[in-house]
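Order as written gives the chain letters A, B and C; numbering starts at 1 within each chain.
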Amino acid sequence: MKKIGLFIIIIIASVYFIFPFYWVIESMTKDTSQLFLGTFFPESLSQLISNISKTFSYENGIYWMWFLNSLLYSSAGGLIGTFMASLGGFAFSRYKFLGKRVLFILILGFSMVPGVASIIPLFVMFKNVSLLDTYWAIIIPTFSNVFGIYLMTLYWNQVPQDIFDAAKIDGANDVRIFFQIGLPLVFSAFITLFLLGFIGIWNNYFLALIMLRSSNKFPLILGLSNINSLIGLPGQSSLYPVIITGSFFSILPLILIFFAFQKFLTPKIVGSIK
Amino acid sequence: MNKRISKAWLFLILPLIGIAIFTILPLFYGVYLSFFGQRGPRMWYVGFYNYITVLTDPSFWGGFGLPIFILLVQVPIMLIIAVILSLILDSGRLKYPSLYRTFFFMPYAVPTVVSGLIWGYMFSSALSPFVPLLKAIGINVNFLSSGSLPWVMLNIMTWEWAGYNLVLIYSTLLSIPKEISEQAKIDGANDFQTALYIKVPLLKTTLLILFVFSIIGSLQIFNEPMMLSGITNIPPNFTPSMYVYNQAFSYGSFTYATTSAIILGIIIFIFSFFFLRLSMKQMEENIQ
Amino acid sequence: MKKIQVLVVVAFVVLSIVAFSQASVNYANVVFPKYTGGPVTLTVWSWVPNIQKSIDLFEQAYPNIKINYVNVGGAAPTYSKLLSSTTSGAGLPDVTQIEYTFLPQFIDYGTVMDISKWVSQYKDLFPTWAWESVSRGNKVYGIPQDGGALVYFYRKDIFDKYGLTVPKTWDEFAQEAIDIHSKDPNVYIADLEENYFMLFDALVWQDGGTMFNYKNGNYYIDFTNPIAMKLINFWGNLVDKGAVLPTFAWSTDWYNFLATGKIAGFISGAWMPTFLTSIAESSSGSWRVALLPQWNPEEPQNGNVGGSAFCVTTQSKHPEAAALFALWINSESNSVKDLYTESQLWPVANVFSDEINELDTPNAFFGGQKIMSTLNQASQQVKFYFGWLPVMNYVQSEFQTQVTNAANKKESWEDVLTNMQSKVITFMKTQGYNNIIVGQ
């Protein structure tokens, strides 16, 4: 008896979390007037195809541009950020040096400063050097990855010292040790950090919103919100299907990443209960 | 010894330059800007005037209403739901717990901008499937009226984050050694009692950390209300982040916006620092 | 004797001819200045759609001036770019579109320049209030392009169904709004658009009042003046009685209300017909346009909501050509015609009134009504002008917050204006404006 009760709770919860995905998909099969009717059922397959083609041909295919932009920002940014974090983590983990403790605490402190405090001055800085509305405006801030350095230090700390000592005895210099021995050892951490960075940049709305003006540089989510603000101008009232269809395809890549890289993304709380 | 020091810096130089330019420099520049008044292209020194204005502006403090509501109402509700669902998944009574965990986790893959848009549409009078349903049984409701906005946000935030919290709680539950629950069974406890009195207390650390993340998150809510603002009437100070954004980009007061952002940042920092220390202490106690 | 009589008659006739020809200026035959400079290309920032025809006409009339027309994407993005280019000292176009309400802000920033020396002799081509909108004393900062005199749009079929007539006075209007609410709580003949301060301001304007002004270098702020208070109480009472629906204009729900007839009548500007045609497509043929009710039907007045000017920027290397372009495109008779037919603006140039008759055809969306004559009549009723504040974004945003509170009974309607008074003054002081005078 209890089993059925628990099962019902789980089913209700599942329906709650899945329903918006269902709503998006069934809405993709409707045109604007059908959307206004607010039913729970899909309409027609041909409308679905028409909506998809409308979305990808909207404004001469700018949706593709937005998609590629998101891909570019997220991949480049994720790579740069993770590489920076690896360099920093390696330094903190494998070396003793003057000022190490102080520097580490400073880094920890800065990782707790919320982005909102630095983003407006960053905007003004970029404005002064004409970097506004460029791809660089989104990519180069990823050079700063404070939290990543902290995490990487923890991961590097788990690698046994002996491996490095052995390499040193074999005569390898530090740079070689980093690239040929070190990085492969923290490979899974590298991937995890890269994925987190990728997802973070893919979803970063505020930075793109304030830095970019030209619609052809927008990442996907900024493009979608832009279309949303256009509804109501003459000739644009039928944009709801485009936004909804566009939303679907903006979710798809992340869901694929989640499923493909599940094991890298299943988070573990550091410090188990024993 | 000298060689050791220089080698570390070889690796540190690039990331440190990155941090210096893109995290530290903007903070200092922001503090510098906060001492200036600004109108269009002109700036002039005003000392602490901006700080006083922000701290005495009821609109600024009004913006904290929503994050506090989220913190005191939404987060506990969401954590309770996540704990209950995790315990059910962990109870061994279900055939495919991982499948359900995947269902619960899927909203995390949706960018918050998109979930703001989609839920906004689903709650709007024009596109909502719920409105005609409720109308059919005689209930006329406007989900997006200003009184119900906090509850709309509660729903969106819960939908977005419950799964993430659940996965962390569930993985904590999974790492509880089987012997403990088996021992409890031998001692005569049923599953329900085991869950409540043994498993839940072991979640304390995890829950505390999740609560800290929620504080930092709720004080910075921006994306979802921005999406709702195209659909319904959202006050420009609905959240502190929106206040900062509007000061800068609707009124063009960049220096004033920077000042309010710094104050907001300090508030968030104090909260996170306090709760982080609390959770560190908890973790230390656990290890003992 | 006879000779003198003949002379008198001749003199009388000659004087009459002279008098008549001065009384009826022919706006279609204006002689515009020649351009004597070398070939130039002007960059123009504007979000007016489909303006190419007017531009082509200009380039034909002035072969040495080429126009590079750039649509930066709407008012807000344009203003933001204007601000950053003004700040950085480079990047401004030669000509930019700026709404009347935001012009004081950009005059203050130093973005736009005084072009009076090339255009002041043409001020009679425009209505006085429009010319005043772009001037400060003898300085002229732009050429007025379009306007939005207030008119009332309504669903004739719904009005007929409930036996309503178009009200001629505001008292009649209030009574009808209350009546229809009791007959059918789901139908409204007006909405209060919480996020549209300019509309409320135009209604105050219609009653001869103003909440702010600019005179002799000072900004005057008076949100709590008797006319504004009367208006906010008038509309607030109707909202409290449920007779007027508070709405968020230009939102999904608002479009839905217009499309389904929940809003069966509303007030907007003369530029609204194009938008309404696409928003309320499903009720095409049922809408009509009427003049607003009046406070004093003996002396009809009106207010204006919306409208922009073309301005020359301070960074333009060819200000004379730019001023010429702004002037010509907004007052030359064929160009003005195209601004209406192609770009769907309501031009304010006086020549447009003369063209109404030939352009006015039965409008299918409005059930065959010839709407231009009504819109024109409404435009002619706009009588006076006042100066806007340089912080209109803030004013609009505050209005939205205050009105929403009042609609939700969190404050009184009079508080809306009282609060706005103190908050706007505080904000302007924070922005460093020392030239504020409280009052009219």
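One rule holds for everything that comes next: a residue touches a chain if its C-beta (ideal position, glycine included) is under 8 Å from a C-beta of that chain, and two chains touch if they have at least 3 such contacts.
These figures come from a predicted structure and were not determined experimentally.
Chemist: Name the chain pair with more contacting C-beta pairs, choosing from B-C and A-C.
Modeler: Comparing B-C with A-C, the pair joined by more C-beta contacts is B-C.
Chemist: Please indicate which chain is farthest from chain A, where distance is taken between mean Cα coordinates of the chains.
Modeler: That would be chain C.
Chemist: Could you give the separation in Å between the centres of chain A and chain B, each centre being the mean of its C-alpha atoms?
Modeler: 16
Chemist: For chain A versus chain C, what separation do you get between their C-alpha means, in angstrom?
Modeler: Going by mean C-alpha positions, chain A sits 45 Å from chain C.
Chemist: What are the residue numbers in chain B that touch two or more other chains?
Modeler: In chain B, the residues touching two or more other chains are 121, 126-127, 230, 249.
Chemist: Counting only residues that touch at least two other chains, what does the list for chain C look like?
Modeler: Within chain C, the residues that touch at least two other chains are 80, 87, 251-252, 255-256.
Chemist: Mark out which residues of chain A touch at least two other chains, giving numbers and ranges.
Modeler: Expected reply: 36, 231.
Chemist: Within the complex, which stretch of chain A touches chain C?
Modeler: Result: residues 33, 36, 127-128, 130, 132, 213, 215, 231-235, 237 of chain A touch chain C.
Chemist: Using the touch definition from the top, list the residues of chain B that touch chain C in their complex.
Modeler: 37-42, 44, 49, 53, 59, 121, 124-127, 144, 146-147, 230-233, 235-237, 246, 249-253, 256
Chemist: Considering the complex alone, what residue numbers of chain A touch chain B?
Modeler: Chain A residues touching chain B: 2-3, 6-7, 9-10, 13-14, 16-18, 20-21, 23-24, 27, 35-40, 84-85, 87-88, 90-91, 94-98, 100, 107, 110, 112-125, 140-141, 143-146, 149, 174-175, 178, 202-203, 205-206, 210, 221-222, 224-225, 228-229, 231, 240, 243-244, 247, 250-251, 254-255, 257-258, 266-269, 271-274.
Chemist: Within the complex, which stretch of chain C touches chain A?
Modeler: It is residues 73, 77, 80-81, 84, 87-88, 250-252, 255-256, 259, 274-275, 277-279, 281-282, 344 of chain C that touch chain A.
Chemist: Note which residues of chain B are touching chain A in the complex, please.
Modeler: 4-5, 7-12, 14-19, 21-27, 29-30, 33, 81, 84-85, 88-89, 91, 93-94, 100, 103-115, 117-119, 121-122, 126-132, 159, 162-163, 167-168, 171-172, 175-177, 202, 205-206, 209, 216, 219-220, 222-223, 226-227, 230, 241, 244-245, 248-249, 254, 257-258, 261-262, 264-266, 268-269, 272-273, 276, 283, 286-287
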